[in-house]
Each structure stands twice: as structure tokens, then as C-alpha cells.
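Structures for review follow.
Next come two complexes, and both contain chain A; in the first it sits with chain B, in the second with chain C.
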Partner chain A sequence: MNPLWEALTLQAGYNATLVAVGAALLGIAAGATGSFMVLRKRALVSDAMAHATLPGVGLAFMLMVALGGDGRNLVGLLTGSAVTAGIGLLGVDWLTRRTRLAEDAAIGSILSVFFGLGIVLMTIIQTMSSGRQAGLESFLLGSTAGMLLSDAITIAGGGALALGLVWLLRRPMTMVAFDAGYAQAVGVDVRRTDLAMMALVMGVTVIGLKIVGLILIVALLIIPAVTARFWTDRAEALVWIAGGVGGVAGYAGAAVSASAPDLPTGPIIVLIAAALFLVSLFFAPLRGVVAAVLRHHHFQGRVHRRQGLLSLSRAEPIHDPMTLRVLRRDGLIRADGVATDRGAAEAARAARDERRWTAARDLHQDTALIGRYDGLTAIDAVFTPDQIAAFDRHLGREGMI
Partner chain B sequence: MTPADLALAAKDGTVLTPAAEAPALSIRGMTVSYAEKPAIFSVDADFAAGAMTAIVGPNGAGKSTLLKAALGVIPRLSGEVSVFGTPLETARARVAYVPQRASVDWDFPTRVIDVVLMGLYRELGLLGRVRAAHRAKAEACLARVGMSDFAARQIGQLSGGQQQRVFLARALAQEADLYLLDEPFAGVDAATEAAIIEVLKTLKDQGKSVVAVHHDLATVTRYFDRVLLLNVRKIAAGPVAQAFTPQTLAATYGGRLASAQIDQLRLGDGAGLPTGAGPEAGAGPKA
Partner chain C sequence: MGAEFVQLSLTPILIGILAAIACALPGNFLILRRQALIGDAISHVVLPGIVVAFLLTGAVAAVPMLIGAGLAAVVAVILIEAIKRLGRIEPGAAMGVVFTSLFAGGVLLLEQSDTSGVHLDVEHALMGNLESLIWLDANGWASLVDPLALAGLPPELGRIAVVALVISVLTWVFWRPLTLTTFDEGFARTLGLPASALGFGLVITAAVAAVAAFDAVGSIIVIAMFICPPAAARLMTDSLVRQVWWSVAFATLSAILGYVLAGYGPLWLGFADAVSAAGMVASVAGAILLLAALMGPRRARLGESRATS
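The block that comes next holds the complex of A and B.
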């Protein structure tokens, strides 16, 4: 059987199953948590944090080896990465608030300095006798090779914990993201909410290091949220849709990477998330590009049809090729441009509607109803038959019929 | 009485706090600064309970800053704030804030009804479920500002005036006693301005207190009963008839307001005040 299919259906063996389930939970947690970062417009802070994990990984390895232990203990490495990621986060926060640096500049500074330090530490570790087989470079791009049950449990447990906290804090985090000033005024502690959000993102980043890697984890935080934005206009729904997108990407990415040796897991997960994003960008029913183009085209067609009918009713020549095409398509004019019987009837009706709207504006001071005039809405969709009859009487008095 | 005299009078409380009733909002010695330049400096202000008070002053005078700092939205260098005689932190539930419309991203994924439900945050807490009663309350608040038909709209589809009404509905949902509004009439259509002032006057009739940052000098006398003139420092404060005079305006705006513009406001010099100024009308040099 096809190895990819086996992996997707959890038949590729114990280890692959473990990885796929762990990656799915990580993806859900990353998608949901990252949504708040995106809504708060601070998505790139997570990138600085992710790159700041690298020196922590190196230092934790060195410390564990120096203490005579196995340098590859995942919990130890993740703890170390969390420490430097936290320092990086506080660094960005401090630079932004206390200096004249803007947040993007602070992010760039912290990201590059910490990453540089991390690379230096990695190089030193390579020269250590115990460092050669450490496999720490897999933290850059993620790997599922040789993952242990305890690793998978750590990742899954961390992901579930992050999800629970997101659910608990969703209300204050949404309020702060939408309107921090108002949130503060009703008593939400904006600073603590922001820090909690950052800590959550840091937690997801750290547990995602093993599978996705620190360079690309930011994509798993951001892409699901922007994908979900195409499907909903509500923050609460957006968070869970993003979780779904992240979960699918994590699961499928881990399966694909398990089906072929040497495929790095992180990039595959990110590419699958990006594919979901592209599908949403083009084909989402409300906000997708295709839907928008179709809507616009349809609207344009209606405008031209109406305009053409009004021109026919006034016996004016029509030159606009699109108007002519629409009228011909609907059988309102013949090939030579002369109105058909139906075209003449509809033109007369359009002209009558316009006159009735004029009467409506004379008679009705209710702007809510008059305001529904857009040249396209049929008048009987707005006014009742007896109101329209009143317009006709008004027009008759004015001698306009 | 000179503007300085008015400020002095306000400071010892005789003008601003009649009777023993605690003011709705009391600010003492508040200074806020961006970098090294004070945006507002050592402002003492009392906003009377049950009144509608306008905060008036030129651009950059610190009007919005005063509100935001009083609420803790931005940090203050110094100053004490109390609400109905108790520290703000214990009285947050009694205060509703309507921020400037431009302060949020209107493309944010949220619907009108969701924004109004944010006003129930204190009631709902972290975990409380949004029940039918909460929804009904939010819808009633939307009805009060004439926005019932828009409950399910994404907020980005609203006009500026409609956005302002939604913000007001969110504040109404809090069922507060003190309403602080930051430029509620900025960039809204005339119908919205009328609707908002109607809601605010109803609040006042119910005994609530209203404080609004206001930039349109022409409507101060019509909309408000008290005024605080601010230009980094407090220039004058009190009932509109006494504190809103050509002299105090000139002191507030300096050369930025031509005397012809002040004349257009048709303010009295003590005589011929727009509303019955009462026996204590002492504004202006004639008095």
C-alpha cells in the first residue's frame, strides 16, 4: 500500500502514529493561540521568541552534559529554550516600551542577536566529544525521526494545556485585541493579558520546536489565523477554525514526512498550511477572491442591464459593448440592437420604477426606506402595493405619467 | 471674575460641588506626560454627579489624555482619581467609557452584537455563558441607539456615525452611573449627533452623570450644563453660564480663536446669557 496513505490512516506503525497525533495537537494549539497574536497585530513577536529559543537549547545541552547526564533529554532542552525565549520576549517588550525603538526594530534586533548566539553555541557543541550525535540541528527545521513516546506525550500534553488556557482567557484576550483602551477601562489588566498571551505563544513555540523547528514555527502560528479569516467574521469562530487548520496541517504534514525518509517535518507542515491558505484565499465563499470577482461581475451585469433598459426606454442609442452584450444575452434586444417585445416591456417597467422612486422621494421623509434606492432594487421589494399606488396617484397629479 | 479666580473657586470646591454629594469623578493633582513634555499638568477637576459636563480646549490641550489617564488607560505621572467618592479601582463597575472611534481597527472580525456584548464583560466574567437574557439586554441597548437592524453586521460595514452608536450601545450595556465619552460627535452625521445627544440627555434625566470631550464650541451651551476648559492646565470650570465666557475662551485658546469667532458664539458678558444665569452669574468684567 502507498506509504503516504498508510501514514495518513495511522497504519504506518506505532512511531508514525505517535508523531501524527502529537503534531495534530500541536497544530490545533498553535492555530488557536496564534490567532490572538494576529488579532493583536503582534504576530512577529512570536518569530523573535522562536529564534530566541536556540541559545537556550544549546545552553541546556551543555549544562546537562556538564552535570553528567544525557544532553538530549527533551524536557531539559525545552526548559532551556523556554528560558531564553522568555528573555527574548521581555527584551522585545522592554525595548519597545522604554526606548525609541519601534516594535519591528526591536523584534529584528532580538531575533538576530539571539539566533546568532544560538548558532555559536551549536558550533561549540559540535566540537564537544558528546556533541557530535546530539542531533540538536533538528531543532532548526523540525524532525520526527527517533521520537520517543515520552516526547510525544510532552508535546501532546503541552498542546492540550495551551488549548485549555486559550479557552479560559479567550474573552479578555479578544477584548484587548479589539480595543485595549476600553478593556483597560472596564478593568481588564491589559498588560497581564498581553503577557499571558505571549507566554501561551511561547509555550506553543517551545513544544513545537521538536516537530516544526524554530525557524518555521511562526508560520504555524500565523497561517492558520489568516486562513480562518477568510471563513468567518467572528473572532471566536476564527480561533477555533484556525485551530482546525493548524491541526490538519500538523497531522497531514507529519504523515507526509513520515512516509518518506529525510523529509524535514516543519517545512512540510508549513507547506500544507500554506496550501489550505491558498485554497481559502481563492475559494472561501464570502471573502475569497473568486467569490469577490463573481460578485462584482454579477453586480456589474445588473448595472449594465438596468442602464441599458433605461436607455431603451428613452430611445437613446447604446454604444457600451458590455451593455449590448448583457441585453443580447438576456434576449432584450436583437442582434441589430433593436429592442425585442420583452425588452420594450422591461424597459417601460424600469422607467416606471424610476418615476415611482422619484415620487417616493417626494412623499416619504423616511430616509431608511429612501436610502435603499440603489438603482437596482425593485421598488416593490421596499414599498407595499398601496404605497406604490399612492406614488402612481402622485405621479398622475404631477402629470408625469 | 478672571479665569484664574474661577479656577481658584473650583479648587476649594465651592463652585463645583454644591451640597455634600460626592462628585461623579474627582481628579486631584493629575499630571501626564509623553516623553518630557507634560500633556496635562497638575489638573484638579470635579465632575458633578447628575450633570452633563463638556471638556473643551484646543487640539493638543490634553482633553482625551485627561479621560484616558483618569481611567488608567494611559499611565499618569501623578494624581488621584475617585469615582463617587471611592477609589476608581473599587468603582469600575459604575463607569462606562466610550473611546474615540479611530482607536480601533474596524476590520476586526466581530459583529455589532458581539461588540455590545463586550459591555457585559464584568457581568459575564471569564467563564460565564452568554445567555438569552444577555443577548436581549445587548439588543435593547442597540435599539436605544437605533441600530437594531445592524446586530449581525460585521463592524467594518458600518458608517462612522453607526460605529459611534455601537460604541455608545456597548457603554449603555454596562448600566453604569458615570459615562465618559471621548469626542462622541467627531466625524458623525447630523442624525447620529442628534440621536446620541438624545440618549445622553435621557441618561441625565435618569440621574446618571455624563462627561464628554467636545470640540464644537457652537453646541456647548445647547448640549451641556457644565464645562471644563482645559489647555494643559485647567483654565476654568463650572456651570456653562459662568465658566464658558469670552474671557475664559480667550484664555483657553490664546490667539488661536479669533475674537470674531468668539463673538459668533453669542456668549453673554454676564448680561444676556443664553440661559437664565441666575443670581450668581458673575462671569465677565461687568459683574
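The block that comes next holds the complex of A and C.
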């Protein structure tokens, strides 16, 4: 059997299975959390936090070695990374509130400085006790190769925990992300909800360090949310579609990466998410590019057809090539531009529609109804037959028929 | 400060200073335009550009790689703009999608291709190799006027010097239109200035600075120098001219102090080995920004009293 299929169907060993499940849980949690964050327009704050984990990993390693421990204990390293990520988040907040720097400058400076500090610590660790520094670089780009069973359990458990918290907090977070003012008015504590959201983002970042790595974890938070945006306009649905995209990317990415050498886990997960994004960008039925182009084309056709029919009814010559094409396609005019029988009938009907609309504007002051006039909507889609009969009587009195 | 300094430390420090200045100059305008993270995005997408150039030419040659990286930066900027418009997505998220995907692609290409024989890996791309840009042919200060020794200067020095010079000249030539479009784009348009073209030109200039500096010092210094020195300078003064000079001073200070602390600091503390110069330069730039945020005379927003901030 081929190794990719084995990995995808969870037959590539106990560890690989746990990692794939853990990556899927992490992906769902990241997608859902990320969609709240993107709706709050704080997408890149998570990038600063992710880069700020590096000094924490280094410090935790040094501390654990100084205390006589192994130094590679994953729980210890992740705790350390959470501490400095938290400091980084506070730093971004502090710079944005206390100085006149904008948030993007605050994000960029925290990101680069913490990452620089982390690199300095890494070079110190490299010289400390060369045999034991194994594997800290794997936090940069993620790696599941040679992962210990306890690490895999930690990641799967952490992913499940984060997902559970998203489920518990989904209502206040949806409200705040969608309309902070309204949420405040109905008694949601916006500040604490924001704090909880950023804490969740931090949790996802820290859990994702080992699988996706700190440079790319931000992708797992942003890409699913942006992808989901093409499929729905509803906040509730957005969150779970994003979770689905993240879950698929995490699961498939971990499986693909386990199936062959030289396939780093983090980049593979991100590239699968990016592929899902590209497909959505072009082919999503609601907001995708192809759907938008088709809608535009269809609308254009309707406008040209209607205007062409009105010109026919007034026996005006038609010059616009697109109008001619549309009328010919629908069999309303012959090749020489003269109206067919059906074309003449349709033209008369369009002209009558326009006259009835004129009468409707004379008789009705209700803008909700006559405001529906856009030159395309048929009048019987808006008014009842009784009302239309009344318009015809009005037109008869005015001598317009 | 003798022959050893000229041989081992003079060129890295010079390259560091020039790279820092080349990045800090466009950084001033990027920060005022709220585009600070463009620098971050560009420094990530440089990697796939370099890898593709390597795969096409099959050699680690500077010029194709610089071209590849520059093209990748332009592609990224266009992609960000396209996704922002096509998907009606906020700029931060669009940027996040593009640079992470391209970076992931670069890493995957790098892992899949056979680069074992050449010095090309992700960590090198991130951290640079400032320490290794030594001037072997030098044997003292006298070498500065010895044409034979000067020929042995690391080629990175010449490249970054040219780029730093070009960017300084560009900043000087386009000073007035750049300032106008940065502060009041509408007004600049009524004067007939091509605001969009200037904005795009600024981003391309930043990309050139990032690519040239990246070649010499790695992407950490690039991101840090785009943002930290101009941000700190912005907290020092209200005048853009003075802000630019402050940022150049801060960038220079970060490069010198960072290199010296990384190379000699551990020795003073009794450790045997130097630490990463790139990381230390970024750390020093952060320390300068922290000081400016705590004590800079213009750190508060207009209208906020300085006592409360």
C-alpha cells in the first residue's frame, strides 16, 4: 500500500496517528479562533506573538538544564514560549496605547526584536552543551519526525482543550467580533472577551509550535478564516467553515508530511490551506471571482436586452454591438437587425411595462414599492394584477395607450 | 584595534551599518503610511525568490538570486493587492495569506531540491552570516589604501554600498513628493502628483533594500531595521527631516553596538563563544526603541498629556 494512503487512513503507526489527529484538532481550533481574530482585524498581532515564543523556548531550555533537567521537555518549553508570547502581546498593546506608534509598527518591532533575542539565545544554547540542544530549530518550521509519544499526546490534548474553549466562548466572541458596540450594549464584557480571544490565539500558537513552527503558525490562524469568508456571510457559519478548513489542512498536512522524507510538516500544512484558499477565491459560489464574473455578465446581458427591446419598440436604430449580440442570441432580431415576430411582441411588452411604471409613479407615493424600479424588474413582480389594472385605467384616462 | 580588527570586524560592521541605513530610510515613510509590515512580508518572500533563482541557474550566484528575490517581492506586492481587491479582505489578513504561503513554498522547494553541496538553508536565510563577511586580504589599517587588498573585499560590501547610496539619493530626489503623498494623499493628487505610482515605487525601493540587505545580513536585521529605528525616531521629533536623521543615527548605533556586543560581549562576561550578530543587532534596536518609548520627547499622541503617558 502506498505510504500516503496509509498515513491518511491512520495506519502509519500509533505516533503518526496521534500526530495527525492532534494536527486536525489544532487546525480546527486555529481556524475557529483565527476567524474571530480576523473579524476583529487583529490578524497580524498573532504573528508578533508567534515570533515572540522563540526567546521563551530558549529561556525554558536553559532554565531546565540549569535545574538539572533534560531541557527538551515539551511541556516546559511550551510554558516558556507562552510566557514570552504573552509579554510580546502586552508589548504590542503597550506600544500602541502609550506611544503614538500605529499598531503595524508595534507589531513589526515586537516581532523582529523578540525573534532577534531568541536567535541570540539559540546561539548561546548551541555552545552550551552541544549534544543536548537537539531539536530546538524544529520550533522554527515545525517537525513531527522522531516525535516522542508524550509530545504527541500533549499536542492532541492541547488541541482538544483549545477546541473545547472555542466552543464554550463562541457566543460572546461571535458577538464581539461581529459588532463590539452591540455586544457591549447587551452586557458582554468586550475587554475580557478580547483578552480571552487573544489568550486562545496564544494557546493555539504555542500548541502549534512543534507541528507548524513559529514562522508559519500565523498562516493556520489567518488562511482558514479568510477562506471561509468566501463561502458565507454569516458569522456563526464562518467560524465552523474556517475550523473545517483548518482541520483538513492540519490532518492532510500531517499525513502527507509523514508519508515521505523531506516534506516539512509546517510548510505542507500551510500549502494545503493555501490551495483551499485559492480554490475558494476563484470558485466559491457566493463571493468567488468566477461567480462574480458570471453574475456581472448575466446582469450586463439583462440590461442590454431590456434597452435593446425598448429601442425596438421606439423603432430606434441599435448600434451597440453587445446589444445586437444579445438580441440576436435570444432570437429577437434577425441578422439584418429587423425585429422578429417574437422580438416585436417582447418589445411591445417592455414598452408597456415602462408605461405602467410611469403610471405607478403617478399613483403611488410608496417609495418602498416604486423604489424597486431599476429598469429591469417586471412590474408584475412588484404589484398585484388589481393594481396593474388600475395603472392601465389611469393610462387610458391620460390617453397614453 | 589593530590588524585583527580590520581583518575580522571592520567589513561586517560596515556592511551592517549600510544595510541598516538602506532599510531604515524607506522604513520612515512606510511607518508613516501604516505599511510597516510590508517590510516583514517582503523579507519572507525573498526566500522563495532566491530558491527559484538557484533552481533555474543551478548555482549560488549573487546576481540571479538578487533578481529572483526582487521579482518575488514584486509578485508578492501584486498578489496582496489582488487578493485584497478580489476577495474584499482587509490588508493585514491579505498580507498574512500571501507571505506565509510563499514562504512555505520556498521552504518546501528548498527541502525538496538538492542543496546539500551549497550554502543555502532556511536558517542562513533568517540569520544571515554577518560574522563570516571578513576581509582576509587585510593586514592592518594600511590595507585601506592598498589596491591589492581592496580587491579582496567581500563582494557584499560593494553591493550594499551601491544600494544604500542609490536609496539615499532617491530619498533626497523624491523628498518633496514623497512627503506630500505620505501626509496628505488627496492634496498631493490635486497638485498632480502620481500618488499611486509613488506608493508603489516606495514599496519597490523597500524591496530592493530588503533584498540587498538580506544577501548580506539575513532577514531578521532587515525587518528590525525597517521598523525599529524609524519607530524610535518618530518618538523623538515632529519634523520628518529630523526623524530621518535620527533613524539613520539609531540604525548605525544598532549595527555597531549589536556587532560589538555579539562578538565581544560574551568574552567580557567570561564565555568563550560569540553569539549571533544578526540577533544582537535586532535586540539592540529593540532596546533603543524601548528607551525612546519610555523617554522620547514626542512619544505621546497629540492631545494626550505627557504626564499620563
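Assume the second predicted complex is superposed on the first by the 387 of 401 C-alpha atoms of A that agree within 3 Å, B and C clash if a C-alpha of one lies under 4 Å from a C-alpha of the other, contacts with A are read in each partner's own complex, and residues count from 1 in each chain.
By definition in this document, contacts are C-beta pairs under 8 Å (C-beta built on N, C-alpha and C of every residue); 3 or more make two chains touch, one makes a residue touch a chain.
Source: prediction; values computed, not measured.
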Which superposed partner A:238 touches (first chain B, second chain C, both, neither): first
Chain B versus chain C as contact partner of A:293, first or second or both or neither: neither
Which superposed partner A:171 touches (first chain B, second chain C, both, neither): first
Partner chain(s) touched by A:186 [first = chain B, second = chain C, both, neither]: first
Touched chain A residues, chain B compared with chain C: C
Partner chain in contact with A:229 - chain B first, chain C second, else both or neither: both
First (chain B), second (chain C), both or neither touched by A:160: neither
Touching both chain C and chain B, counted on chain A across the two superposed complexes: 41, 229
Contact footprint of chain A on chain B as seen in their complex: 68, 71-73, 92-93, 95, 97, 99, 103-105, 108-111, 114-115, 118-119, 121-122, 124, 126-127, 154, 170, 174, 180, 191
Chain C-facing residues of chain A, complex: 38, 41-44, 47, 94-95, 98-102, 104-109, 111-120, 122-124, 127, 137, 140-141, 215-216, 218-219, 222-223, 225-226, 229-230, 262-264, 266-268, 270-271, 274, 277, 281, 287, 289
Chain B-touching residues of chain A, taken from the complex the two chains share: 39, 41, 168-169, 171-172, 174-175, 177-188, 229, 232-236, 238, 367
Residues on chain C engaged by chain A in the complex (per definition of touch): 31, 34-37, 39-40, 44, 83, 86-90, 92-97, 100-101, 103-105, 107-108, 111-112, 122-123, 126-127, 220, 223-224, 226-228, 230-231, 234-235, 262, 266, 271-276, 278-283, 285-286, 289, 293, 296, 298-302, 309
